[in-house]
Amino acid sequence: MTVPGQRSGLDLVPVTDGDKATKKHYTSDQEVRWCPGCGDYAILAAMQSFLPELGLKRENIVCISGIGCAARFPYYLNTYGMHSIHGRAPAIATGLATARPDLSVWVIGGDGDFMSIGGNHLIHALRRNVNIKLLLFNNRIYGLTKGQYSPTSEVGKLTKSTPYGSVDHPFNPVSLALGSETTFVARTIDSDRKHLTAVLRAAAEHRGAAFVEILQNCDIFNDGAFDILKNPETRDTAVVRLEHGKAITFGANGEKGVRLTGRGGLEVIDTTKVQPESLLVHDITHTEPALAFMLSRLGNVDDGVTPIGIFRSVQRATYDDQVNEQIDAATAAGGVGDLAALLSSGDTWRID
Amino acid sequence: MTVPGQRSGLDLVPVTDGDKATKKHYTSDQEVRWCPGCGDYAILAAMQSFLPELGLKRENIVCISGIGCAARFPYYLNTYGMHSIHGRAPAIATGLATARPDLSVWVIGGDGDFMSIGGNHLIHALRRNVNIKLLLFNNRIYGLTKGQYSPTSEVGKLTKSTPYGSVDHPFNPVSLALGSETTFVARTIDSDRKHLTAVLRAAAEHRGAAFVEILQNCDIFNDGAFDILKNPETRDTAVVRLEHGKAITFGANGEKGVRLTGRGGLEVIDTTKVQPESLLVHDITHTEPALAFMLSRLGNVDDGVTPIGIFRSVQRATYDDQVNEQIDAATAAGGVGDLAALLSSGDTWRID
Amino acid sequence: MSKQVRQRERVIIRFAGDSGDGMQLTGDRFTSETAEFGNDLSTLPDFPAEIRAPAGTLPGVSAFQLHFADHDVQTPGDRPDVLVAMNPAALKANLHELPTGADLIVNSDEFTPRNLAKVGYAASPLEDDSLSSYQVHSIPLTSLTVKALEGFEITRKDAERAKNMFALGMLSWLYNRPTATTLTFLEKKFAGKPELARANITAFNAGWNFGETTEAFTVRYEVMPAAMRPGLYRNITGNTALSYGLVAASVRSGLPLFLGSYPITPASDILHELAKHKRFGVRTFQAEDEIAGIGAALGASFGGSLGVTTTSGPGVDLKSEAIGLAVTLELPLIICDIQRAGPSTGMPTKAEQSDLLLAMFGRHGEAPVPILAPQSPSDCFDTAIEAARIATKYRTPVFVLSDAYLANGSEPWLVPDVDSLPLIEVEFTTEPNHAKPDGSPEFWPYLRDAETLARPWAVPGTPGLEHRIGGIEKADGSGNISYDPTNHDTMVRLRQAKVDGIAHDIPPLDVDDPTGDAGVLVLGWGSTYGPIGAAVRLVREEGVRVAHAHLRHLNPLPANTADVIGRYRKVLIPEMNLGQLALLLRARFLVDAISFTRVRGMPFKSEELADAIRDVVGADV
Amino acid sequence: MSKQVRQRERVIIRFAGDSGDGMQLTGDRFTSETAEFGNDLSTLPDFPAEIRAPAGTLPGVSAFQLHFADHDVQTPGDRPDVLVAMNPAALKANLHELPTGADLIVNSDEFTPRNLAKVGYAASPLEDDSLSSYQVHSIPLTSLTVKALEGFEITRKDAERAKNMFALGMLSWLYNRPTATTLTFLEKKFAGKPELARANITAFNAGWNFGETTEAFTVRYEVMPAAMRPGLYRNITGNTALSYGLVAASVRSGLPLFLGSYPITPASDILHELAKHKRFGVRTFQAEDEIAGIGAALGASFGGSLGVTTTSGPGVDLKSEAIGLAVTLELPLIICDIQRAGPSTGMPTKAEQSDLLLAMFGRHGEAPVPILAPQSPSDCFDTAIEAARIATKYRTPVFVLSDAYLANGSEPWLVPDVDSLPLIEVEFTTEPNHAKPDGSPEFWPYLRDAETLARPWAVPGTPGLEHRIGGIEKADGSGNISYDPTNHDTMVRLRQAKVDGIAHDIPPLDVDDPTGDAGVLVLGWGSTYGPIGAAVRLVREEGVRVAHAHLRHLNPLPANTADVIGRYRKVLIPEMNLGQLALLLRARFLVDAISFTRVRGMPFKSEELADAIRDVVGADV
């Protein structure tokens, strides 16, 4: 969501002259090659049906990915696209977005692609606040290479590469993004089409780097990883839906709530036992990410309680806008560069 | 500092049989090739005089660096050392520390080495909690390559590579480390020998990845970058010294203090006008990094107010310890591997 | 009814089906039975890069080919004698390779209009006469299996899944295979789920009995055991052999093994295998990327471990800089490149030999690295040990160039006696090796061994030998930073001379030239060993005289390589690339080597190689 | 007193001092004066990798050599006629290259016991007779300068710093250089600090007057202007020329320039230079590492920019994987490798030619990339434009191999007329290029141009041509993912053929063989052009007949290379590596090329090359 007064991420992207595009319009002729039941299908469907709603010229949308099951995404979206190499998509997208402010650039990657080999490009794109939308398909496993643990896998994970259980502590992608100065940070779930679409729309409209963690099921190598957030028995108490301007409550009938402790932390409380005012009201526009960071620590899938929604959405000059403004300003001031003048600049002498 | 009950980072490192080592003992025969006045000299001196105090066998100390002015460090320390390639030292150290639990492994790098090209290795070493000590010499500039801006340079920095001013938003190294699940995070200053030494000692004793940001002056390409924290006129109000168990105050006579706002933030207040109890008492042992993260946002050099000291020190199983425990456990259970048995495992048949 | 039994010297079977049909497992099991029976054999799995492309589509087809015989087998075979096609896609994808008269076993249940349409069959090939030139056995495998499993407490899906065991049982009957290993395997596999175990075993037996009783098969085949050297055998893939070789090298050198790796097809299985062997003190580090993988391995080597990193082409690209560091640090390190089809992502599951020049030259500056290439799945074991010997003796990174074909392919392996394995003696330096001007002792990390030119290896923890090494040029001897022009020239040549010198420490290239008077030499390297051998055998049977030599050491080349090449009028070099070894040999020996190249991601067919040989020999008069 | 004036055809001056003494600046200024005077010239800066090694030590010595003459100059010269040594370290580090009888100007103030001790001089060489074979001018430069600046409101440190301007003034007098440019330069440099400006100008004039009046100099030299083609000249370094060439290519192609780069010596100055030219729409991206640098450039190319990445050896290693991607994406991209001494970190500020084979083969799979190498500082300009022409016309990454010597060295450059620069015509595809079975139009990103084999370049924003490209193997034409074995073989050969085909679109290799009957060809590439030319001139003056050809296109080679080589009995290939071009030519043409190599991080001395030529010609009978 664009907060009033904020410039939209799509400002410079040309729109169609009214003619309504459809999902079909955004569906490529390539046969989708994910496993039956893969969570990626739901995300693809959501993208294909929400993109037309933006009313942009389809040819001005580009989707760039690295390598992985998730990274096959661009092939199936009928826009411009590049299926690049493992981990480098954020860097490639940075160049494209900086050179072409008239494009809406989407970057797709898995938890290996973005958080493992591509981690550095990710955090730098986020800190620079390049106007690109980064969608992390987090299935907490390496799918395409047939099931090794990933930097988001829970400790003790038994996989092909860790027959005795993994011993390394995972990243919390939302925390990492907030520690990387990211201006838009959100988390959503593959199976919750409505929520997913709302978050994607907000990301699209955010001017700057938008980081969206999508919890995605890999039904071959990590099936059920997010069942606790999906299963009707558990989901109400496991999923904490963050909504801007609303007090943070969850549970079947909002019987649980989140409030600040006096000691600089958060606590989950029984809303029936406290004054509504004492609940923490979610505000995505805090200039400082500290409170959003605190919310990111409320818990993740492993602890049950998992906040989803937009954690942070603030405006900060984007890298690409500033690069282009410097060019415009210099040109406005000094005029378009004169090659002859450049070549003959500095100390010169004439031989006749 | 090791919090009571915590296992020390040096537990498995052999100690000398009493004979006291000296600074000279830790000084190599190599001529130091930093610019006169470089902040690196002070850090080197601090290391050379504090290492002997640990009473470790010198031959069990290893210093690994990448490339940069800072990265020349190992040459000058008379321990084992490797001056490797740009950005990769944390990865190299991870292998060494995992294979050799009897070593005290130090990793040295500049803000380019650690935060730019080496950013991914850094955050992964931190999240894994490998028992290595990472010292970031942050001079907010690329020194060795003659002065380009770095990922920690302030916005608008005029350098050789940014004649119109840099446009990208810098990392706050402490925030990034906290977002990377780091168990020990601290910040100190090259010129404050006492504070620097205390932090280094605490890092050495911490079992796990210890990240120490050392604000270091580059007097050729970024001279005075930290003057505000050093200059007698300004330092008292600019430097916020975090001390475990103590209320957070600063100013010449502690007239300023930090307290929690009701809205999940921090505020700087006039200590003369409030009850001492209302001040925030610093606790480095919080299991959750949220409050430490909030402190890291209190400000950095650019805003004047800059917290230094240990932000966080908690214990979590280290990567290397767990790897070695898995080996010990498996061996204890099944005995040392039998090669003949391995080669003839699986379906076999005999031809006679 | 009793069936007629036909003798066969050799049989090539290809199992093909959907990624979900478990063809790789079926192939593996049939391989084990065949191995146990005593045939010689060679296998070639062939699966798509996608985990599970849409069911019933061509990209989704997964195949497994097995060649077994009563004599020694060199390749998985060119064209199958028997194709098992579990669905129309599998049929369409493989039919073109089927020779006329071959047996074709299809799962007729899957030939539904929908499935046929998916792969563009207008009409069912089972109905029209498009298959008339084959022995078609159209069998409703799925329904037969489901029927056989009626009454089991399992889902219909699980029942259908068991059809591959039904097919396996049927073929086990057809070729009269021993079934014990498969039955025990199934018990193990479904240990947790007894009902499923029973179901699969039932399906397997049902398949066997079906073969026995059905009209569909009038004949049954017998392939006699092959004469093999006595001893204990097991079937082994290249990746497993390479893993075992590394463990063996660790045991025989006394150096703990440290693997730093990042998953990548087709190398990942080495990481998976080594991760199991904690009891051998093996440490496996799944790194954040390939650079961290090799970096950690190098760090471990600095600490006295046997550092290893495993990867495939794209990963080698990324490791280039770190390999250069290892070259100048002069520390032991093994880099295993399981080559796949490039460039870039290319065809990740397919084989190629196109990283040879990358291994030779893929680093800035003059940075020589020894290179070895295994020539068969089991040879990966010996190659790993040899790589460790060279790496530790000469303090150098060493490349092992395997490929997807060797990695996943398998063959019977005569399990070696541990004591017969080479001992790798490694001595760490523990004493100063030089005297200061004032006579006091000091340690010079770059004071070389006169014979091997190797530098001393002193590991942290060794008192008095504290020293620093790095990537900047070092003064000859002391190892201190030096920008002296002449010193640099000296060091560059010393590093080169050290690697070149290994030529005298490796076995000479030996030539297979039975008649001793061949005019043409076929020279290969790596995984083409089998196909070239088979092709050479083919043409020799026609009386063609030809010699075959195969390079296991590619850098440096064996000392006698020049002589060998000099002995022949023509040298033919078949490669699965555009002629990379040919380029090296032409440059080195100015020999007008003839390159024969195919870059299809598939091993050579021995027939096409035989043609190439016939052409060259024919032209040689 | 009036001084005797001696004529000289050529003079080689070397300024040497502490890193802090401003020798590079002094050299630059003297170069400008000399250029303006109209001599031809060539320069060679030589500084340490450390920013400022401890004052007065050998590692801290920074030098700048200038060769100027009344005729055309090809190299910075072998041995200086004049050495200006600002301290004992500078003297010790450079004396061994000084020929007897040379002028030696030393700053006697710095020859203190402490400074002498620092570099191991027992006694002052100014006192003993160790310098007797030179014309020693021992002058207290520091104190003279400080004295001259008495009364200025500047620190003593600043006054002392001005001693380099004093020395410059003195030498400007000695060689009768025009001083205007220096004076205006100083005004500009100290624009903010008028007092410092006046002080430095005063020091400069004081130096000039000192020369005029002192006994220390009895003679004064005159070097007449060289005859040069008429036109406007400027002095230019290789890195500046390369930067200008890239800007020119952008202007002449109409494609916005995008540079993605990570700082590294000696390439950083290109990033610095291009960052200034916002008014040309140049976007410079200082990336987090080399991979991001090339990645961003490739992304920009995909968007229709002229994507460029600049780096040196270690950076090329890291970019390998991304270069392979560019090869298979078939997008234009320029990769500038400013070679430095390797392997690994090596000697970062020194020159080498050891990345040629890396550029040729440093990627997994078969991934051919065109390679160009400039042969002089100013030639970097034309090479950059040619690289852009090939990259855009053939949709391919292109390597430009410069080196530290070209990058920092300078020469006079006849500023070209902009309209005379090649026009680079680039057409983006805007219409479908293929018809679906049903006849409706579609876009096939891999449908090639019949002649160039280049694929269409359709950029985002073009309606109707939405398409996806990637690193997986593509079906010939449609570009869809394909694992078909035959298709892969086809694509591998197509990519190779596209690059090979460029041979017919580049100028033939031309040979300098005045007598037309030489038996020996000296064949070089890159920065050895000057030294080889000088050496050839030397031996020709002795009547030796020898031909010289220089390769600017290294991949593919000019179509006539075979003929040229074939015309000579012997081919001598001098390289600053261990024979990398030699290896390529031997493999390609089976020619027994003779390699002459020096790997010292320094350009060849023309004398040593002359000897090499004499040997080969001598042996050729």
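First chain written, first letter: the chains are A, B, C and D, and each begins at residue 1.
Basically, a contact is a pair of C-beta atoms (placed from the backbone, for glycine too) under 8 Å apart; a residue touches a chain by one contact, two chains touch by 3 or more.
All figures in this text were calculated on a predicted structure; none of them were measured in a lab.
Visitor: Relative to chain B, which chain's C-alpha centre is the most remote?
Guide: C
Visitor: Tell me which has more C-beta contacts between its two chains, A-C or B-C.
Guide: Ranking A-C and B-C by C-beta contacts puts B-C first.
Visitor: Centroid from C-alpha atoms only, then distance chain B to chain C, rounded to Å. What do you get?
Guide: Once rounded, the distance between the two centres reads 44 Å.
Visitor: Taking the mean of the C-alpha atoms as each chain's centre, how many Å separate chain A from chain C?
Guide: Distance between chain centres, rounded to whole Å: 40 Å.
Visitor: Suppose each chain is reduced to the average of its Cα coordinates; what separation in Å results between chain A and chain B?
Guide: Distance between chain centres: 29 Å.
Visitor: So which bits of chain A are touching at least two other chains?
Guide: Expected reply: 67, 83, 85, 116-117, 119-120, 124, 151, 164, 323, 326, 330.
Visitor: Which residues of chain C are in contact with two or more other chains?
Guide: Only 49, 59, 278, 288-289, 314, 321, 325, 329, 344-345, 470-472 qualify.
Visitor: What residues on chain D touch chain C, complex-wise?
Guide: 48-49, 59, 312-314, 316-318, 320-321, 324-325, 327-329, 337, 339, 341-347, 349-350, 352, 354-355, 357-358, 360-367, 470-473, 481, 483, 485-486, 488-489, 492-493, 495-496, 577-578, 583-584, 586-588, 590-592, 598-602
Visitor: Under the stated contact criterion, what part of chain A meets chain D in this complex?
Guide: 28, 30, 57-62, 64, 67, 74-75, 78-85, 88, 91-100, 102-103, 120-121, 124, 323-324, 326-327, 330-331, 334-337, 339-340, 342-352
Visitor: Quick one: in the complex, what on chain B touches chain A?
Guide: Per the stated touch rule, the residues are 116-120, 123-124, 127-129, 151, 164-165, 167-172, 175-181, 260, 262-266, 280, 286, 288-291, 293-294, 297, 316-317, 319, 322-323, 326, 330.
Visitor: Per the contact definition, I'd like the list of chain C residues that touch chain A in the complex.
Guide: Residues 49-55, 57, 59-60, 262-265, 268, 271-272, 275-276, 278, 284, 286, 288-290, 314, 344-345.
Visitor: Would you pull the chain C residues touching chain B in the complex into a rising list?
Guide: Result: residues 32, 35-36, 38, 181, 185, 228-235, 244, 247-248, 251, 256, 258, 260, 277-283, 285, 287-289, 291-292, 295-300, 302-305, 307, 321-322, 325, 329, 415-418, 460-472, 480-481 of chain C touch chain B.
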